[in-house]
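Below is one structure, written out as structure tokens; the observations come after it.
Per-chain numbering from 1; labels A, B, C, D, E, F, G and H assigned in written order.
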Amino acid sequence: MSLDLEQILLTFQQGERSLKETKEALSTMPVPAGQALLDLGRELKTGTPEIIYGQHKSLAQLLAITKALTEANRLAIITRVSPQSAKEICNAFTNSHYDDVANCVTVGQLPKVKSLGVELLCAGTSDYPVAKETQVVLNALGVECTPIMDVGVACIQRVLAKQEELAVARVVIVIAGMEGALPSVVAGLTKAPVIAVPTSVGYGVSQQGFVALASMLSSCSPGIATVNIDNGVGAAMLAYRMVTNDR
Amino acid sequence: MSLDLEQILLTFQQGERSLKETKEALSTMPVPAGQALLDLGRELKTGTPEIIYGQHKSLAQLLAITKALTEANRLAIITRVSPQSAKEICNAFTNSHYDDVANCVTVGQLPKVKSLGVELLCAGTSDYPVAKETQVVLNALGVECTPIMDVGVACIQRVLAKQEELAVARVVIVIAGMEGALPSVVAGLTKAPVIAVPTSVGYGVSQQGFVALASMLSSCSPGIATVNIDNGVGAAMLAYRMVTNDR
Amino acid sequence: MSLDLEQILLTFQQGERSLKETKEALSTMPVPAGQALLDLGRELKTGTPEIIYGQHKSLAQLLAITKALTEANRLAIITRVSPQSAKEICNAFTNSHYDDVANCVTVGQLPKVKSLGVELLCAGTSDYPVAKETQVVLNALGVECTPIMDVGVACIQRVLAKQEELAVARVVIVIAGMEGALPSVVAGLTKAPVIAVPTSVGYGVSQQGFVALASMLSSCSPGIATVNIDNGVGAAMLAYRMVTNDR
Amino acid sequence: MSLDLEQILLTFQQGERSLKETKEALSTMPVPAGQALLDLGRELKTGTPEIIYGQHKSLAQLLAITKALTEANRLAIITRVSPQSAKEICNAFTNSHYDDVANCVTVGQLPKVKSLGVELLCAGTSDYPVAKETQVVLNALGVECTPIMDVGVACIQRVLAKQEELAVARVVIVIAGMEGALPSVVAGLTKAPVIAVPTSVGYGVSQQGFVALASMLSSCSPGIATVNIDNGVGAAMLAYRMVTNDR
Amino acid sequence: MSLDLEQILLTFQQGERSLKETKEALSTMPVPAGQALLDLGRELKTGTPEIIYGQHKSLAQLLAITKALTEANRLAIITRVSPQSAKEICNAFTNSHYDDVANCVTVGQLPKVKSLGVELLCAGTSDYPVAKETQVVLNALGVECTPIMDVGVACIQRVLAKQEELAVARVVIVIAGMEGALPSVVAGLTKAPVIAVPTSVGYGVSQQGFVALASMLSSCSPGIATVNIDNGVGAAMLAYRMVTNDR
Amino acid sequence: MSLDLEQILLTFQQGERSLKETKEALSTMPVPAGQALLDLGRELKTGTPEIIYGQHKSLAQLLAITKALTEANRLAIITRVSPQSAKEICNAFTNSHYDDVANCVTVGQLPKVKSLGVELLCAGTSDYPVAKETQVVLNALGVECTPIMDVGVACIQRVLAKQEELAVARVVIVIAGMEGALPSVVAGLTKAPVIAVPTSVGYGVSQQGFVALASMLSSCSPGIATVNIDNGVGAAMLAYRMVTNDR
Amino acid sequence: MSLDLEQILLTFQQGERSLKETKEALSTMPVPAGQALLDLGRELKTGTPEIIYGQHKSLAQLLAITKALTEANRLAIITRVSPQSAKEICNAFTNSHYDDVANCVTVGQLPKVKSLGVELLCAGTSDYPVAKETQVVLNALGVECTPIMDVGVACIQRVLAKQEELAVARVVIVIAGMEGALPSVVAGLTKAPVIAVPTSVGYGVSQQGFVALASMLSSCSPGIATVNIDNGVGAAMLAYRMVTNDR
Amino acid sequence: MSLDLEQILLTFQQGERSLKETKEALSTMPVPAGQALLDLGRELKTGTPEIIYGQHKSLAQLLAITKALTEANRLAIITRVSPQSAKEICNAFTNSHYDDVANCVTVGQLPKVKSLGVELLCAGTSDYPVAKETQVVLNALGVECTPIMDVGVACIQRVLAKQEELAVARVVIVIAGMEGALPSVVAGLTKAPVIAVPTSVGYGVSQQGFVALASMLSSCSPGIATVNIDNGVGAAMLAYRMVTNDR
């Protein structure tokens, strides 16, 4: 199969490609953006826009991708972006915003958020950047979400003080580092699915978040969905699917 | 706080315990079952019954727990049970059923299943026991679910052949061992949240399921919820929360 | 230095060894027991008898060691002993006792236990053998200790129901497998030092107890002492030192 | 449960909350400190103040927390603080002190230390910063403690030269990196519980302290409590509980 | 055996060394290049020139090696070279070229490339540097190769769009980070051997490329050859052997 | 897309499916074999038949798969089969053969082997079963291959004695356990691509083959393709692709 | 080079092979022994006979190898042999001896041992089998060696009691499991090189001997040579080289 | 035991300490050097001076230690020293020398080296710093040693070219990174004990030297002594003991 628009249409016209084939080819036709190829058809298939993972990309690559997205009238959401690249992107595009805690840049008109029952608990102050990344992405997808801070298991009464919020949530995101015990406690206090996000906060055996991750995966409480370490984006996207895909 | 029913009621009568306190104490009062204490109040708080993890428990412990559950008119669902223990439990209780692929025993009246949009894909024939455990638990919770078999990534056309089912699913469970690549592909073909279950099928570097697990956690596709290795119960409970907690 | 009693005394008599040297030599003189050499002087130096770790020792070795201990009028405490070896040892010695849950044999007169403020919490039914090993060793050392069962974090109210016991404990031993989150919660509810014992209960990422161990070591709660996986003996010995060494 | 003081009191007045409930609510009411919420009630429950872990917190966060603590007339103890942040905190608050070896800042009136039998052995010169952190925290809690330096196992006579101090200690803290063998030797020379602190001193296989940690956990000597790598705070808090919780 | 040319020839002349021995000695005689000894005979034995791995070598060492190679009329290919060293080498030698994406320097006349059926797929934009290293080395060996970009498994249609290229390839190189699932899919779509190159692109559990590596090794698709993480050189050399060693 | 043959043809007839679509659907139509679905179309796409991995499959599953294959006139190659299952399969099908060193069963007419330049070196006697598995699979694919035994690096002269064979090979398979050093030496003695197969032979640090695997992946010699531990099938399939895909 | 004796001599006679070449070819000519090829020339090159590692070899293979060795008048030393195989070998050959603690069989006339200054310390009773393997191999090589038992670091006085033996040793072998601390202490008490042998004795974090191994490698004492876990053979061979290669 | 010289002598005079005790106390009396305590008596016990490991020590600590050593007329050997500290130490003391490849400083009169049969092979140019560290320490101990460079296994003929040197060596040190295969080959070519030093040269799976280390430990060749990664000092000290402790 060729990737070229003209050829797709010609082969359709000449009967070598059925209507269904043509639609499929069009929906997967990548949009060139510098060295990258954007997948603007993904939104049709998966219901979510493509989030740009900024960590291993050069400024030039990020500028090209952002330009292609804005020209296609899409919202650009770039995560794990360096302050320098963030500044350059914001200078280059109007309607851009940089969150320096979440390390995210958005370019384009942000949607108005709606309350869809997403609750977000954050175990410690040090886990805040991951909570912020989750919030920025959810907000950019139109979902209301505000972190509840400092509800770690070392002071269990604080968690219990949130029982009412947990009882009415549709999905609960729990962000924790170190021993990652919070989701186990929370899942015992709610009927909602719990998305557990381990963070790389810790030192010694818990450095880099592997202990928190393993803790969450081996929880004795049922109903926990675990994502990668520090993966605020993944938690946001998973929560978004849960609250929007309710046909 | 005392755990004794009589004392709970007396302290309530004497005004030392408020009504609210009394209700909470009652809802968390454990039911003795041999050495174990059952948490029959869990269902009120979390919406799901307690599943009995049979692997490290003796036959005597399992019989005591099952007896306590049946006396409380609850369905007993016991997973990872040895064939010997399964046989003894089935002999001891009427209305019991043993699935020797899933290694699960249920004791009590099973509910009628309803179609709630749970799709289950199983990558290989060797992953079938985990798929079966997932199915048994979901069915016991009243949710319809039938595994679609042999849709591994080595033959990608088989996965694509399921695009229509994926498009209308409310949640998709994907079970895979070895390199665990299937959820990445599936999440790109659906709007539903994807629950990824790594299995311990494999050898050499992939023995015990750690590669499949890590693969799923580090997927480049968004919207994936990962559970522990071979954790069919966890996948079922998570899916159950997703499709029932939609206030 | 020679290990022979006669030579020790002769060199003392001949002035080649001072009184202090002689006492030291005598206190460290090992007692032959088959291939092994017992360290009966250890009790003088460390306040605790030598516990025999049975796992890698043959029946012949265990019988020889037990014989030497009983002849020296010491209590023999043998852990991780196979049922077969346990039976043979109990047949060979009067006043012997085998606990088949703890996998421990004691030979000799057990002391009367005293209440010294040691509280023992056990997260799940599957963790019971480790709790029992801890109890058997503490009891053999004359310390009262009874496990409080099934207080896992998935049902946090059960833990909270034990707050009064925790408030007056002198030391709290917490035994938990899987994600090992219980000590973090408990340490926030007591002023006592908490001894955390990870167990090898779990599967997938938590198999063999490494996740529970790492969780306990990286707890965000202060005041937690961690011991090796399934190390009930270590917890007992540590608790014993804490409650007896209060000059 | 609401977190608001006024509401707590009103519900008490209106009889919706018992006296006991009201006291509990008050004791767990968090004090806002910028983004963080302080747990001033922790001291009541656990006997120890909250130590601020400085590593992942911004200067703004640390200043806010310190301000809240000093306004509540509490001693602020901040560990793993950067020299820059330390300097700013010391400039902002009177009665502050920075230890640049321990990387700790204290703000507030330090208590007079008492001798409570805590002995601290440090294996090598390179382990000194962890020993100093332990000492700073213990001193801030009012406990006397001075490290005994350079008593590694490569020169066993130095360890033996400390036998008298070990014989009378109530608790012995042992700090060691590389192969972490010192606690095994020390526990054989004392009746006191031994707190083993592995350090990240080493290279090759022992880099990051995992070998020292595992060595300590698998010691053949009984009576050893292990804490996380470089966790001087944890050792201090554990020792503090041991020597003060002797009802 | 002596390494000295003169001695080799003399011993041959004097009959102490046979003709065969002499040829072997000559073919393995190292060429001094500063501290290093070049193996110019390797090309005769293995069909490929020696690639200089620049990462742990000083500029002085690299300059000496390059000088020796150019004096022997060989092409110098230096990988993993720092920008500073690259600049100095390019200044010192004519006919040199630095690729700042691949981090490679070549010194000497590059051959004209031929099409030998090597196809190169690159999963993501972030994997581009490894793809570029592969391309630079293959081109320097005279083999045509151009990366096909952004064909990750999250959008499987893009992979399928390349089926025609895959069908006619003689060898397919697949470069992917994160979960490394692409080779499994590709090997199911071609008859050619697939060279899988894991990259260190990722974070959390997939940081440093170990998950991608393990995924590729445990693929359920047959016909996959795996090389070290980020090892573009290794992939190029392996592909070169495959397409040139077809006697 | 439906999987049913009749429906495929009907939709073609009714013009809802193009000719191309129909061919693709037919080529990927799975053949039911008990619980499994066979992919008989794979041979068309990848040039190699499906090898049945027997380790996690029940006898019933293996018999069903073998029956489906023989009915489709395909050769069944089953690896990692237990002696019991092997015996039952051989009893059930004529023209079957069991190799009890390789743990492989073949059912069907084996092809006549041709010499295609595949050389196989086996480091130690203990590695022989993996070598045999490789040989059985290659022979079943029609490729001649006989292991050269006992050429480990501890006696380097034995390796050198094989230089002539290595010089004319088209591909060299090297099987080694323990430190896995043989491929590094071999790759320096041939122009052929080297397929390195680590084995699980070893103990202590090299148990389970991870050291041999890592050694091979990090070889300083270029031109090495590594497969999973004990993966004789993978080596055979990779070699097969190399020597047959030479358009 | 051909492996055949006749051809070697013929090519020598015909002048195609020099005298030196011929001697080398003869010294490396393998002796067939069933599937294996023995390297009888190794003794000439390395000073030590080939030890047969029995763990992964079948009885048939072991019998063939033993037969070839005895026919060549060599002593056969077979380690890690199963009791069954040991019995069969002893039945088949006269002058054979089986040590059921060391799991070693020797066939042939054992040499008279000489005292060469090899001291062997064994930390615990459970480590005895490894000590015995070391002793059996050293004795078979003609070197006197008797284990000193039960000198673990938990009772440091026992180690100190051996200072005189350590002072005059030429090499000290130290065998220890669990935390593996003994070599660090011993190396500080002797001028001799210390060979450290970790054993797989332990449980939890120290299971399988990795902690003891890492401890020994990261010792703060200089002069320690580490071998693989449970590698009594390796320790014996290394000690043998140290005490015999003193030109 | 007191550490104070005066007290030692007084107790001797007063008969409370025997002559033997007094000598022992004196030989272990530490010399204060800033925060550190030097062990000048170690040389008497172990035959080797104390090497100062500079990596985790401050400049002030290093200067204090060097001053104490020079005042005691000892040679100071400081390894892993930063260029800045090296410069300051050299400025502060006469007769000092800094090797910037080995990262070592020596202060004091270096001994004249003697040839004691220590051969040193270095696999690659990148391993040179570790070889240099080994050489500097051996030279400072009076032992001649010059690295033979670039003898990696990828060009096995280079290793074979050194057979004559290997045949007459008393001990062979082999330094290698990446797959660490060189010691296996070398141990098959010499009767001398082989000291294997893994280096952290490599990337991907071999980063940080763990693969080289494990390779060396699991070598199929007997007679190999392994030390920690990059541990040139350890290799030097071990070789020194081997060649000097030959009573």
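The rule we apply is simple: contacts are C-beta pairs under 8 Å (C-beta built on N, C-alpha and C of every residue); 3 or more make two chains touch, one makes a residue touch a chain.
All values derive from a computational prediction rather than experimental measurement.
Looking at which positions face the partner, subunit A and subunit C present mostly the same ones, since more than half of the interface numbers are shared.
If you match contact pairs by residue number, over half of those in E-H turn up again in just one of B-E, A-C or F-G, and that pair is F-G. Per-chain CA centroids place subunit F at a distance of 48 Å from subunit H. Mean C-alpha position of subunit D lies 52 Å from that of subunit E. Averaged Cα coordinates give subunit A a centre that lies 58 Å from the centre of subunit G. If each chain is reduced to the centroid of its CA atoms, subunit C and subunit H end up 41 Å from each other. With touch defined as above, residues shared between interfaces to two or more other chains in subunit G number as follows: 42, 154-155, 160, 187-189, 204-206, 210, 213, 217-218, 228.
Taken in their complex, subunit G has these residues touching subunit H: 42, 45-48, 51, 117, 168, 170-171, 187-193, 195, 213, 217-218, 222-228, 233-234, 237-238, 240-242, 244-247.
Contacts from subunit D toward subunit H in the complex involve residues 125-126, 128, 149-150, 154-155, 157-158, 160-161, 163-164, 201, 203-207.
Taken in their complex, subunit F has these residues touching subunit B: 1, 3, 24, 27-28, 30, 35-37, 39, 41-42, 53, 55-57, 61, 80, 198, 200, 208-210, 213, 228-231. Of all residues in subunit B, only 123-124, 152-156, 159-160, 178-181, 184-185, 187-189, 202, 204-206, 210-211, 214-221 touch subunit E in the complex they form.
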